[in-house]
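The next block holds one structure in the form of structure tokens; read it before the comments.
The letters A, B, C and D name the chains in turn, as written, and every chain counts its residues from 1.
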Amino acid sequence: MLGKLRAREEIVALFKDGQTIAIGGFANHGTPNELIECVIDSGARHLTLVSNDTGDANLTIGRLVHEGRIDKVFCSHIGMNTETVPLKEAGKIDVTLIPQGSFAERLRCGGSGLGGVLTKTGLGTIAAEGKQIIEVAGETYLLEPALRAEIALVRARTADPLGNLTYRGTSRNFNPLVAKCSDLTIVEADMMVELDEVGLDHIVTPGVFVDMILAR
Amino acid sequence: MLGKLRAREEIVALFKDGQTIAIGGFANHGTPNELIECVIDSGARHLTLVSNDTGDANLTIGRLVHEGRIDKVFCSHIGMNTETVPLKEAGKIDVTLIPQGSFAERLRCGGSGLGGVLTKTGLGTIAAEGKQIIEVAGETYLLEPALRAEIALVRARTADPLGNLTYRGTSRNFNPLVAKCSDLTIVEADMMVELDEVGLDHIVTPGVFVDMILAR
Amino acid sequence: MDKRNRMAKRVAEYFKPGDIINLGIGIPSLCGNYAPKGVMLHTENGLIGVGPASTGLQNVESFSNANAMRFVPVPGSSVFDSAESFAIVRSGRLAATVLGGLQVSVKGDLANWARPGKTVGMGGAMDLVNGARQVIVTMDLVTKTGEPKILNECTFPLTGKACVSHIVTDQCVIDVVPEGLLLREILEGLAPEDIQKQVEPTLVVAGDLAVMAE
Amino acid sequence: MDKRNRMAKRVAEYFKPGDIINLGIGIPSLCGNYAPKGVMLHTENGLIGVGPASTGLQNVESFSNANAMRFVPVPGSSVFDSAESFAIVRSGRLAATVLGGLQVSVKGDLANWARPGKTVGMGGAMDLVNGARQVIVTMDLVTKTGEPKILNECTFPLTGKACVSHIVTDQCVIDVVPEGLLLREILEGLAPEDIQKQVEPTLVVAGDLAVMAE
């Protein structure tokens, strides 16, 4: 039973300039806020962010925008963040907008050894620009390619020492997908539990996807 | 709150000659055995079966082969069933073999409004025959198209009146995928529970996918 | 009843018990108040069973809808991740999605997420209009400056093509049908010509044109 | 120790604490008995944490591995559906998969699921050899009738191309390397020539050729 708990300093030291970081959460809810502060404390810059949104100005994921750490974003919208919008319009942050369901599938593909999925979402819109169009059984689909990151930051409700995770309510959102899509997965859990405390049928993210858990 | 419980006679009456029926389970485990008996009692013939395997001879899913109801099978293997193998070799059952992980994804696509997924599994093997080869970001993938059925038979551990389902252990297997991939989803549950009895975070298949539950 | 609630109430007439519905922000978010018993609300961030706004100890981060409103789940709720949420959306499991609109075309194309040069994100709207069995747009018939929003062709970036089922406006109800746009209901005191002059395409007037409830 | 257990024990030397491993039927299924503490076993029908065979009240349908053996899950087990199970497989989360083999080619192609005209199904094998970080084949060096199983080209239907990492046989251990097949260990009393004459491709003999434990 190898422990996955890691001290904050050890986690802070992992972040480097230019990395691609995927972060769970939806509109400031279910975001790994302590791990986001670790990124800020690392001093890493020129990051590419993969997350559903950029939170509110200087809140949750928005902290990274506020601190000037983000060069690029892959997301489904930035509208809530009054700092991201002008940065995008000024060309200071490169934002790639992806329909939310396609964004979820792209993360899932990236984390599941799949190259992409075929969807009808976005056909005939600017979301289809630059994408392959594929015919299957007489139907037309857009090919949405897999999306991966170097580091994933995940917010869980509970984690056991092996990294088996559960989530609470709508805080689950993109977290189980983010947990799969990266080379290194780091978890912030509200609560540590013992092995089997939550019951094996209730585990949502198996520990095999988790590399480290923030100790606190 | 519309009840989804249906009497056995009502369910037996749904099966017709020539239908495509998807069935959950893996090697006789987690199979909806009472619903399989409903298919037999319906008298329906010339069925297409979509299931990981055909069980053992005259057991679980193998009951349908034994009773001569199956013309075609989409599955990952038939090797355990001493009745299916000679029927295939004699050309009496048309068997399409699909790698198990690709089979799971094809069901998931069929149930998720997706046209297919890209995988490397099966490249350079007979599993690639007749399939599209797609390039994404310089990598080569096999396109595995969505698979759907007309009726899905699902085995659950618990069902609530809205059809929210949980599963136990490895009886889960293909059941949550089968539950999504069909026009009509019928569930056999070991136990009926009240709304919220298992907790909303523990539901594995949301009731939105379930049309009917076998009353017993 | 104010205009917004009147429109929301009219939209909710499309709902039937057992339906699972997704509601957008603005007027659509009011439709839940008028839904028949047995309708459940889906929120794309991962739950079926959105209930009333929460207060006190129940006001927790873990039950928030896509508009960041905190709520109490109703009995029989279920939770899932974003991939499963959109599997529900794309596969036609939602009886309807209700959204605001910037423009709707005669063919039922919808533009509701961006103005030219102002693209801050489509969120889940493109999946919702692609997947829900009915796409109900509720919006004022014309812009604040009196420009038509129902057009021959949308000029703003599209959310989806040929996806709209019904348009519920402050003055009328219009269905998108193979023949074009069918005027089904108008407010008491208005004539079909009053509506026609505020839209670009030529409307088909229903033989059984009804009065829209005040 | 009998031959089968000796081969299984040798395979288990590739496992490290923390590894998640998938074991096929036959000799591979014995490898768990020799795995170091901290290794967990994945079964593709949807669980990590396969434990000992179950008896009595614990012998239930709901804990069965892919070979239909009923077991008791170990502490820290987790359950998932078949799609998630193969997401784990394809994405390289398994440290190794151990499988039997019918034929292995000099390039590491594997045929282990079918003989010509006898195709009863690949099950999960094609996904496993595509996704696991190491593919360990354990098989007798030759067939029961003495024909070589390590060939220049496989003649049986392939499970996967260029996928095999290690071959553990009853007589030797061979690694698949860019230069071809590297003979790493042989049983006491055998010479490299004894192995060479039982395989089709020319073997590269390791400079530090070791003795394989009896």
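Heads up, the rule we're going with is that a residue touches a chain if its C-beta (ideal position, glycine included) is under 8 Å from a C-beta of that chain, and two chains touch if they have at least 3 such contacts.
Chain identities (UniProt): A, B = Acetate CoA/acetoacetate CoA-transferase alpha subunit.
Not measured: the values here are computed from a predicted model.
Distance from the chain A centre to the chain C centre is 29 Å, each centre being the mean of its Cα atoms.
Mean C-alpha position of chain A lies 32 Å from that of chain B.
If each chain is reduced to the centroid of its CA atoms, chain C and chain D end up 55 Å from each other.
Residues of chain B found to touch two or more other chains are 105, 108, 113-114, 119-120, 167-169, 172, 200-201.
For chain D, the set of residues touching two or more other chains reads 47, 73, 79-80, 86, 89-90, 130-131. The touch graph of these protein chains has some other shape, matching none of line, ring, star or complete. Contacts between chains, counted with the stated touch criterion, involve the pairs A-B, A-C, A-D, B-C, B-D.
Every residue of chain C that touches chain B in the complex is listed here, in rising order: 17-18, 20, 37-38, 42, 47-49, 73, 75-80, 84, 86-93, 130-131. Within the complex, the chain B residues that touch chain A are 105, 109, 113-120, 132, 134, 136-137, 139, 141, 143, 145-146, 166-169, 172, 200-202. Those residues of chain D lying in contact with chain B across their complex are 43-47, 60-68, 73, 79-83, 85-86, 89-90, 119-127, 130-131, 157-161. Those residues of chain A lying in contact with chain D across their complex are 1-2, 108, 111-114, 160-162, 164, 180, 195-196, 200-201, 203, 206-209. Put simply, chain B touches chain D in their complex at residues 26-30, 52-53, 75-79, 85, 88, 97, 99-105, 107-108, 119-127, 157, 167-177, 204.
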